[in-house]
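Think of it as A, B, C and D in the order they're written, each chain with its own count starting at 1.
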Amino acid sequence: MGFFLETVIGGLMAGMLYSLIALGFVLIFKASGVFNFAQGAMVLFAALAMARFSEWFPELLKFDSKVLANVMAFVAAMALMVAVAWLIERLVLGKLVNQEGITLLMATLGITYFLDGFGQTVFGSDIYKIDVGLPKDPLFLLEGTFQGGVLVNKEDLYAAVIAAALVILLSLFFQYTSTGRALRAVADDHQAAQSIGIPLDRIWVIVWSVAGFVALVAGIIWGSKLGVQFSLALVALKALPVVILGGLTSVPGAIIGGLIIGVGEKLAEVYIGSKIGGGIEIWFGYVLVLFVLLVRPQGLFGEKIIDRV
Amino acid sequence: MLYRENGQFKTSYTSDLQVFPIAQDRIGIALLLAFAVFAVPLLADEYMFRAILIPFLILALAALGLNILVGYCGQISLGTGAFMAVGAYAAYNLFVRIDGMPMLLAILLGGAFSAAVGVLFGIPSLRIKGLYLAVATLAAQFFCDWAFLRIKWFTNDSASGSVSVSGLSLLGWKIDTPHEKYLLCLGIAIVFAMLAKNLVRSHIGREWMAIRDMDVAAAVIGIRPVYAKLTAFAVSSFIVGVAGALWGFVHLGAWEPAAFSIDRSFQLLFMIIIGGLGSIMGSFFGAAFIVVLPIFLNQALPALGALVGVTISTAAVAHTEFMIFGALIVFFLIVEPHGLARLWSIGKEKLRLWPFPH
Amino acid sequence: MQTTFPRLMLEHAAKRPTAPALREKVYGIWQTTTWAQLAVLVRDLACGLAQAGVRRADHVVVVGENRPRLYASMLAVQSLGAVPVPLYQDAAAAEYLFPARNAEVRMAIVEDQEQVDKMLEVRAGHPPLARIWYDNPRGLRNYAEPGLESLDALVEAGRAHGAAHPGFFDGQVQAARPDDVAAMFFTSGTTGNPKGVVHTHRTLLDRAGAGARFDKLTEREEVLAYLPPAWIGQNIFSYAQWLACGYVVNCPESASTVMIDLKEIGPTYYFAPPRVFEGLLTSVTIRMEDAGRIKRWLFGRAMEVARRVGPQIMDGKAVGLADRIAYGLGNLLVYGPLRNTLGLSRVRVAYTAGEAIGPDLFTFYRSIGVNLKQLYGSTETAVFVCLQPDHEVRADTVGVPIEGVEIRLADSGEILVRSAGLLKEYYKNPEATAEVKDAEGWYHTGDAGFIDAGGHLKIIDRAKDVGRLLGGPNDGAMFAPKYVENKLKFFPFIKEAVAFGDRREKVCAFVNIDFEAVGNWAERRNLPYAGYVDLAGKPEVLELVRECVEKVNADLAADAKLAGSQVSRFLVLHKELDADDGELTRTRKVRRGYIGDKYQALLDAMYGGRTEQYIETAVRFEDGRTGKVSATLKIVDAKVLPALRQAA
Amino acid sequence: MSADTAVGPTAAAAADPAAVPGARRRRQGEVVLEVSNISLRFGGVKALTDISFDVREHEVRAIIGPNGAGKSSMLNCINGVYTPQEGRITFRGRTFDHMNSREVAEMGVARTFQNLALFKGMSVLDNIMSGRNLKMRTNILQQAFRNPWWSGAEREESEHREVVERIIDFLEIQAYRKTPVGRLPYGLQKRVDLGRALAMEPQVLLLDEPMAGMNVEEKQDMSRFILDVNDEYGTTIVLIEHDMGVVMDISDRVVVLDYGRKIGDGTPDEVRANPDVISAYLGTSH
């Protein structure tokens, strides 16, 4: 039982992080109808930036306050992500308005490759550390209930909390800020939004910046967990089924989807994987989603699509 | 400029329906083939065969298959690598488990298995569209990666998890020199290119394109989306599977699942984007481009660096390659969504109208 | 030629049954009718017509585009010894009425609904028109008019009738004599009713054969039939010579696809009036303007070379090696492709006729390697009178009298022709016939001209317009206004010209500038102008026109007979001559007399030696409003050269 | 006269609406298609409410109404693009409560679309050829191995090509045969759309605003084509238009919709006289 709970909790933690990345997807899809395959690349890029900046600033400016270094690195990285967002809007999306989803998807594939290449050219391609002081030591809960209690990694806990906070923050942002409402308007109908004078290009820059911010946070958390390396980009691939499961356009969907898949794949790994050679996390989420889609083509929380003729 | 079309009038539909209705084109293609079959073997050295020609032909074949699905039927797929893998491993198992199994048959059956799997993962495409489908195909990718890595049966319980084949022969003709391998691949590529061309210019091809361009209208004129999409998946994965088998058997000889990873899927997707969506010819252009570019960069960049006195590491080259591919994809999607093939046909039109611009 | 059209057709069918006789682009492909199939079709049609009551010497109207079944119908009519009367398919119903009555037409074979509607109108005014057959049933399903049937029905009926009366058809064909009437062509005279020009099998075939031998035509020629079949030119090239030589006639898919079809077929024997060639050239220039700089440069250079040596090479004259190479290169890069895109790659012989063709236009085609030649002839002469032999081609002559033609010049300068190809008569119009055909069988062409030193015929004008100068240095010299005007109009800057001089001591001319051409010219020189009147008055423009005039004068001086017609004074009119103001005919021919009276003041000024003259004229605008334009026109003197050779 | 000035059959055969419908009405048969009590909702929005009408063989039946009256939705129900929540559709005696596009097509119902739904990536020829797909029998293998010498697929292609060519000829678009549809002017694209529908050799032809956005000549041509189709092939025609003028000329009976309800049904004259129709059309009538 304790083991089960442990697994579930572990799943939830991982799920939270998936949601975090999924959130990036959803934001961008809602606002610009782009299925941003590059989200993973952005995570890697942001993490790389964060990691290297936090090394470079102390060297350059000759100080050794970790906090300061991290803060500066964070700000710089964020600025970089905004720049990236701006460039993507200028050079890519701006030129592909009103194109089909497929085309845009492929474009983001291009962006992915570019960012991966660019990031590693600029920041190097070794494994780097991010240390924002997340505690690494484990933590035992409910020791009373079962003997041995339930082991939870503190780092995960913090991460989950941060992720949750971010998710809530963004939902609020969408609900209550004017920009947020503008974003929703754009998502619902580009032409209409434009006609009531919402500047699409600026909105897109904002959205991509927000996505960049999310990517940065995700990057920091995963980075400090696994170390910053190319494989980070692949974490995004884990998040894809989450988005689809939740429904491309739904923020809560992204969160719940994340949790479902996080828990689901852990349980599956533990209870099924062990019997069939293990490592089934890689595809579990996808196959799960596949079956869900057969029932609900628009995902759990997505809107139904009607063809007008 | 080279065209002299006066007097080339068609007195029957058959002659009007030819793949190359213009005499000059027929001559051109004949010369090209003759060159590929007779001249290239004389000119190319071992490295050429191994590093460029054979990979080019096989990947072109795979791209061709993918193009049928994405370019003609408009169903995005990010799982091509998986279907190549299925083809390769199926062929492998047939080849090693059934003794006396002819190589070619094994390869074709590999394609057949791949087709079956393709249809299986294509089924979602009946309910779901575009982006959602992309994810479904990714499912295929990851599942197959896993299956061929973890399920020992597929790899014939080989300890290392890598498999290998040897003693290739075709109807008694032993195929071991690169030259022979090249000819084998060339032959298969040509045959499949022709078959594919026939399909896309027949009514099945029109059904695919109809679904791609305007699925509601297609349904209204009586095209069954189910049939159209699944046939596209089947044909596509069949060709991709054959390519996969060739990649394993002929190009690699010994391989691991990594040979068919998601990167392979993306690489093939890039080939058809750059080469030209919805164009047989384009698949070959794209493959040539993407096979040659890295090799070119590997030569050029360090040399360039040397000029300005910078030493450029192989890693750097690899990253530049990434950047260039990424940039190119975006560039083509924006500037010429129909890729090199379109540029080619525009050039051809210009030659036909020469000296007039239009 | 001891034969008739139907017999020729049957001979081809017997000799080369499977060879293509006609091709028509239908449903996207060139559907072929072999000679054998044609023979069968003609037989059925003929039997059908006979059953429907067609008798020898009846007239049957045939109206429509070039369609194989209409060709077959003409053959069928001829096989019965009856006379096909082709009429212009774009004419209005009213214009059919006179021919129908004049030829007592009882039956008509037409192309489609459009023509049927017109024929039904004709019938209203000419009840005897009892039977009408149509080739294309589209839109005619609900027509219930009596005597209206499809050609298919006719063929059916004919087949039955033919089966019932074996040997009937062949009997009819054998009964036909070469001197029977073969066809009647209505020429719209400038005044009065059109005249029916009657030709026999002999007359048409004699000329067709002569023309064919002249250019060594074979049965392998390909011809595209796109001009109205009612026009004798079209009839000779794609009917008479078709049967005489047995080559292939191709019918385009539709009016909108002629250019595409031309390119596909690539005819080897091509005929078109200058208008068509001009249209082609214009399209070339326009399309080249959108080309990139390099291409334009290449094109320009290539055309220079072509202009310089092209015609000589065409004429088989010796040219320097360097030039040969340059031309060869040009041929590879420009002329060849150009011919291809125009559909003229395979042309062996191309003819133009009907009106004078500008030298630039003419030489353009020859310089890019199209063997374009001129011929002289008319409906009455069954076209072939004079043709230009290869290697002896010039822009301002129409070639040498060919086999079987005698030419004489009347003192008036009028050209008289005698050949076996002359019309039999004008139908039911003996006096008109007598006017043009004298006792010794000379046909009076009504054209004035002369044979030049090289033995080539040179047309200068309609005989009735040729005048004489009176007094002055060249008293009594021949004055050919049209000839002068044409020479002037060949300059792109000059749109219209009117030359005066008959019974005057010297020649003076009114000139209309081409607003567009001169406009561009002015802009290139960034010469500002307010509008037509302003531009026409600019001294620079007058200078420009003077150069043209003097070039013409130099040209005329070279020719003893015409030296007197040089233009000594001219002015540039302040308004464009316009049919709405009665200055031009609807076919844009200048009405010299009317203009002379209207602008009397200007004429007087010119001959009165004044240097300028104020004029005010009423004009009618498109929208029917009328207004006045006024200007003070400068009168310019042009250099006149002495005649080079003394008159022989 | 030169090549470019010849007059094709186009110019003359201007439709004479006055005469032709008379001819047609004589050929009018019994009811082929009957729509009864159709109601359609999107979520809360009511697109159609309790619509009933019938279509007789060989007639030209118009459905008119202001924009947003639910005309297109009606067509979409008939050929199975939408599934109405209530109501039945009876076609040649068979009754359906929802149609499936394929079945509808097989039963011989074709349609054109309001805002062109052509296959952008294909030539005019291929677009119209695609309309033949139901009539094509050869299987994938035969097609893959097609060749000029011994091939059912090749023969099939040629046969259907000829049918299609007749349609191209009928619609007078010979000059554009191999042009990609995208490059054609709007009016011609409409013709291709019609051609694609005709290629199905339909018994009933649904036309969704065939003349929308056309200039006067184009409208004339189109009306002529519609009438010709109706005469030559006896095809029953159901057409939607918001432009009353044209419709009244060419149709035998007219249904009028407004806000998803039927407000009138009858011959053009009856409908013209109908007060509801007049009020519905105030301002919008052309």
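The criterion applied here is as follows: a contact is a pair of C-beta atoms (placed from the backbone, for glycine too) under 8 Å apart; a residue touches a chain by one contact, two chains touch by 3 or more.
No experiment lies behind these values; they were computed from the predicted model shown.
*Asks:* For the chain pair with the highest number of C-beta contact pairs, give its two chain identifiers.
*Replies:* A-B
*Asks:* Hey, which chain ends up farthest from subunit C, C-alpha centres compared?
*Replies:* A
*Asks:* Roughly how far is subunit B from subunit D, centre to centre by C-alpha average, rounded to an integer in Å?
*Replies:* 41
*Asks:* In whole angstrom, how far does the Cα centroid of subunit A sit from the Cα centroid of subunit B?
*Replies:* 33
*Asks:* Can you work out the whole-Å distance between the CA centroids of subunit A and subunit D?
*Replies:* Going by mean C-alpha positions, subunit A sits 50 Å from subunit D.
*Asks:* Taking each chain's centre as its mean C-alpha position, how far apart are subunit A and subunit C in Å?
*Replies:* 79
*Asks:* Taking each residue of subunit B in turn, which ones touch at least two of the other chains?
*Replies:* Touching at least two other chains: 12-13, 16, 216-217.
*Asks:* Where in subunit D do residues touch at least two different other chains?
*Replies:* Subunit D, residues with two or more chain partners: 81, 113, 117, 161-162.
*Asks:* Residues of subunit C touching 2+ other chains?
*Replies:* 28-29
*Asks:* Inside the complex, what are the residues of subunit C that reach subunit B?
*Replies:* It is residues 23, 25, 28-32, 222, 263-266, 284, 287-288, 290-292, 295, 298-299, 333-334, 336-341, 343-346 of subunit C that touch subunit B.
*Asks:* Can you list the subunit B residues touching subunit C in their complex?
*Replies:* Residue positions touching the partner: 1, 3-13, 16, 353-358.
*Asks:* Would you mind writing out the residues of subunit C in touch with subunit D in their complex?
*Replies:* 26-29, 65, 88-90, 112-114, 117, 136, 138-139, 141-142, 226-228, 231, 252-260, 272-273, 275-276, 279
*Asks:* Subunit D touches which residues of subunit B in the complex?
*Replies:* The touching residues are 12-18, 195-196, 198-199, 202-207, 209-210, 212-214, 216-224, 231, 235, 278.
*Asks:* Write out the stretch or stretches of subunit D touching subunit C in their complex.
*Replies:* Interface residues on subunit D, with respect to subunit C: 1-9, 11-13, 19-20, 23, 161-162, 165-166, 168-170, 172, 174-175, 177, 228, 231-232.
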